[in-house]
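All chains are identified by letter, namely A, B, C and D, in their written order; residue positions are counted from 1 within each chain.
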Amino acid sequence: MNGSQDTRTFRMHLNLGPQHPSTHGVLQLELEMYGEYVLGIDPVLGYGHRMHEKMAEQRPWQAFFANTPRIDYACGLPHGHCYALMLEQALQIEVPPRALALRIIASELNRIASHLLWVGAFLLDLGAFTPILYCFDDREQAVDILEHMTGSRLTHPYMCLGGVTGDIDEETVVNIRAFIRRMRSRFQIYERLVTNNVIFIMRTRGVGVIAADMARAYGATGPVLRGSGLSCDIRTVAPYGGYDGYAFEVPTGERGDCLDRYRVRMEEMRQSLNIIGQALERLPGGPVRAEVPRKAAPPPGQYSCSVEGARGDVTYWAVSDGSDTPYRLKIRSPCMGNLSLLPKLCRGMALADLIATLGSLDLVIPEIDR
Amino acid sequence: MPDTTLMALKAAGARVRAEGSLIEAGVDTAILKRCALVLRDAGMYPVFMTAVHTEAGFMLCYQFALWDSPCRVLVSTPAKNDGRAVSLTPLFPGLQWHEREARDMFGIIFENHPDLRPLLLCDEDRDLQPLRKDPARLKTPEQLTRAEHTDPDEQAP
Amino acid sequence: MIVIPDLIRDPCNPRMPCSLLSIVLITDRTRVKNIFLLTPFAPESYSYNIGKTPKFFLRTGKGFGAVELDNRLLYVYIFSVLSTGIAAAVVPLIIARVISPRRRPGAISVQPYECGMQTRGFAWDFRFGIAFYLYALIFLAFEVDVLYLFPAAAAFAPETGMRALMLLGLFLTVLSLSLVYAWKKGSFEWTPPDIDKKDVPRQDAR
Amino acid sequence: MDTPGHRQKGCPAPRCPVAPPNCVQPDDTPTLWYPLRLAEPILDACRANSLWPLTFGLSCCAIEMMSAGMARFDMARYGAEVFRPSPRQADLMIVAGTVNKKMAPVVQRLYEQMADPKWVIALGNCAVSGGPFAGEGNYAVIEGVDRLIPVDVYVTGCPPRPEGLLEAIFTLQEKITGRRHPLPQNRHPHKVQKR
């Protein structure tokens, strides 16, 4: 409750603690409150620290593919994609075109599942319980397809050095096309239920406005940055892994408030459906995995690769000393950039708006803590 | 766009090597602040900051990127030998937590950092510094850099 | 003085739904001195000395019949209503204590829950903002509003259908004007403290 | 500041740091007031069918716990769909995810602040035994939440499928009442034989 020395100044110290429905994980915010308003925020991290970078230094290069889907478990495939691309760039391995396309299909399906999870959780924070049921209904469809393709519902072991671990048959292609049709028809439900919902608009319009230069100074990326009007999407700015062959727009918001971030993510889901559709039409034949050395030992030097995850710029940076274990592996977590602007953004905000802003940043806390 | 930043970096005295869209800049601690200013004026956002534990002490590695072009700049600078370093948080507020994490993992003390508290580790482990290497497996910086050293002044494509 | 709202069916006129009567007992230390019967639209309400076995006559313009009410039944009535009220409050507590397995609460489990963290300071000596107090006042206004519903319902007992709805609706709107007043006076708006002032933020939350 | 001395070994922390306060031991099995002992089966059946879990998602398994709570796997069929954020109103703590050393005191505090009778399900390998993070260089992850609080049901998997969590609830119901499905209408749909 309060620090007794603050009785004169009406300031209450409150913990929006590690176990709280709106922190989606184990983030702790130490709030200094004045009545309903938040004067000071001090995020405390580390409750989800799982030593990914330390583990990378004790295992061979390819063993880290087991960790990549567990860093950002809501959208794990881009992490594997980035790590694979970095290794292939280091070892100069040519990835067969079919593997590139399959990687893109899996990543985009994972992005849709992650955005659906976010929409449900965000509206649950704002107090609406119905949308999460619809979102999870759709998400189960996407997760079923991913489970069939990759073998697991959440931590997908699909990306590996030189390509992907499994091919997809004709039936999966039919399922994916059915999913695309069904998902496109579901957007009307979200339009009526959420986007045009007056209460939702009143709760999010003009709340948590992030200016473009502030977002840039703090290194915010992904839908948070695009919500503020900067169309920065690594899939278009620095295309990787065959993304330059697909035509899709990058949605951006105007004001940078919670509503714009919501619209950007909903529009991104549509674009992901387009990408999957294009990828299915031009799905090349051939092998799904290139010849790879048993023990990957990239020549000494530093390698970096960046990928557009569901939450922003996922960058893997590795230093190799020529042996088969990485000397140093750094994982750039997009949520860390997005969360670091919270203290400056939310000073003087009402608590309810702080919850809305926190939800709109789409944080996965164990990804920040790594 | 990247060419102008390349020129400015070279003017600031960095040993620059460009490879595709990745620019590696070796910087001494003295001119780190000036290089960072150059990058900030070029409108780059801080991607990450971390350290590598080598025999010659800690190598601080920053990466900056532009939001509208594939150019990425990798700035690497040695920390002072007693594990202290200059904090870039005044220039890039986004690096504040990265520097706190580097303090947690390596024990590097950043001068004029707003609040250098442990970020990820609990209070009893504040000085655990887990990412430090065993002395046996330490490598010298030369062993970690690319063998075929292309001519540093080669122009970025 | 005890006010007991209660339902009594009028035997002479069974079609009429139960009418809600308030029985006011004027009591001195030892026994009930006399009983007032508040009836809607009764030109005058009769009071009877409790000593004799009185008959209650309801004399109203609508020609109510006599209501035979033995005073001993009255005491049973009053006692049963009071006891059910108290029991509704206390019995769940007793059941919870009896059913739940007995285990002494540890030191931590007694402390307030704050998302799993240690709480700092005590809530008792914290001076909450004035705005919270205004919310309590508005709640009080509505509570009194509900309290007046009893006599209003008793008073409008003979009316049925649209007329009763309209009457009670009018009664409620008048009472909820207190909310409109509070709204206009702005006790619902919170004034954000101006953050830039380094010292104590403005305390008047209007 | 003192210069950070050089460490002999990369990370001397013990293989698995036990959390500061030792493990919370359950007290003796609580006994009921003797006349109510006859009503015990009824009480157990009621408790087993209204297990209110605490929203305590730590990492990946939290997403699978949410999927189990949603329409497709629907924990509501077994009375467990009301997720209470406050430990005061919850009687089942599902530890869904990795408990690390910084989170250990919080887990113990939440467990002690839950009212009796209470049960714990360790969901996922991380809660059961530290999972993929237990191992030689482990300086932060608690290897198994049963080092902190007494656990009733363990669910393996990384993450376990939602059916695994439902099976854990059946096992817990069996532990509480002695029968797999205390109330007949909750019988498993396609006639699974009694274990």
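We adopt the following convention: a residue touches a chain if its C-beta (ideal position, glycine included) is under 8 Å from a C-beta of that chain, and two chains touch if they have at least 3 such contacts.
Owing to the predicted nature of the structure, the values given are computational and were not obtained by experimental measurement.
Colleague: Given the two chain pairs A-C and A-B, which is bridged by the higher number of C-beta pairs in contact?
Modeller: Between the chain pairs A-C and A-B, A-B carries more contacts.
Colleague: Which chain maximises the distance between its CA centroid and that of chain B?
Modeller: Most distant chain from chain B: C.
Colleague: Could you grab the centroid distance between chain A and chain C? Build each centroid from C-alpha atoms only and quote it in angstrom.
Modeller: Roughly 53 Å, centre to centre.
Colleague: Report, in whole Å, the distance between the mean C-alpha point of chain A and the mean C-alpha point of chain B.
Modeller: 25
Colleague: At what distance in angstrom does the C-alpha mean of chain D lie from that of chain B?
Modeller: Using C-alpha averages as centres, the distance is 42 Å.
Colleague: Measuring from the mean C-alpha position of chain A to the mean C-alpha position of chain D, what distance in angstrom results?
Modeller: Roughly 27 Å, centre to centre.
Colleague: Which chain B residues sit where two or more other chains touch them?
Modeller: Counting only residues that touch two or more other chains, chain B contributes 121-122, 130, 133.
Colleague: Where in chain D do residues touch at least two different other chains?
Modeller: Chain D, residues with two or more chain partners: 11, 102, 106, 110, 137, 139-140.
Colleague: Do you know which chain A residues sit against two or more other chains?
Modeller: 17-20, 46, 49, 51, 54, 57
Colleague: Which of line, ring, star, complete or other matches the graph of chains that touch?
Modeller: Shape of the chain contacts: other, as it matches none of the listed patterns.
Colleague: State which pairs of chains touch, listing all of them.
Modeller: Once each pair is checked, the touching ones are A-B, A-C, A-D, B-D, C-D.
Colleague: What does chain A use to touch chain B in their complex?
Modeller: The contact residues of chain A facing chain B are 45-46, 49, 51, 53-54, 57, 216-221, 225, 230-232, 237-238, 299-302, 304, 306, 313, 315, 317, 319-322, 327-328, 330, 332, 336-337, 340-341, 344, 369-370.
Colleague: Which residues of chain D touch chain B in their complex?
Modeller: Those residues of chain D that touch chain B are 1, 3-4, 6-11, 13, 20, 101-102, 137, 139-140.
Colleague: Can you check the complex and tell me which residues of chain B touch chain D?
Modeller: Interface residues on chain B, with respect to chain D: 82-83, 107, 109, 121-122, 124-125, 127-130, 132-135, 137.
Colleague: Could you list, by residue number, the parts of chain C that touch chain D in their complex?
Modeller: My answer: residues 98-103, 106, 108-109, 111, 113, 116-118.
Colleague: What part of chain A is in contact with chain C in the complex they form?
Modeller: Residues in contact with chain C: 1-4, 6-10, 12-20, 28, 34-37, 39, 347-348, 350.
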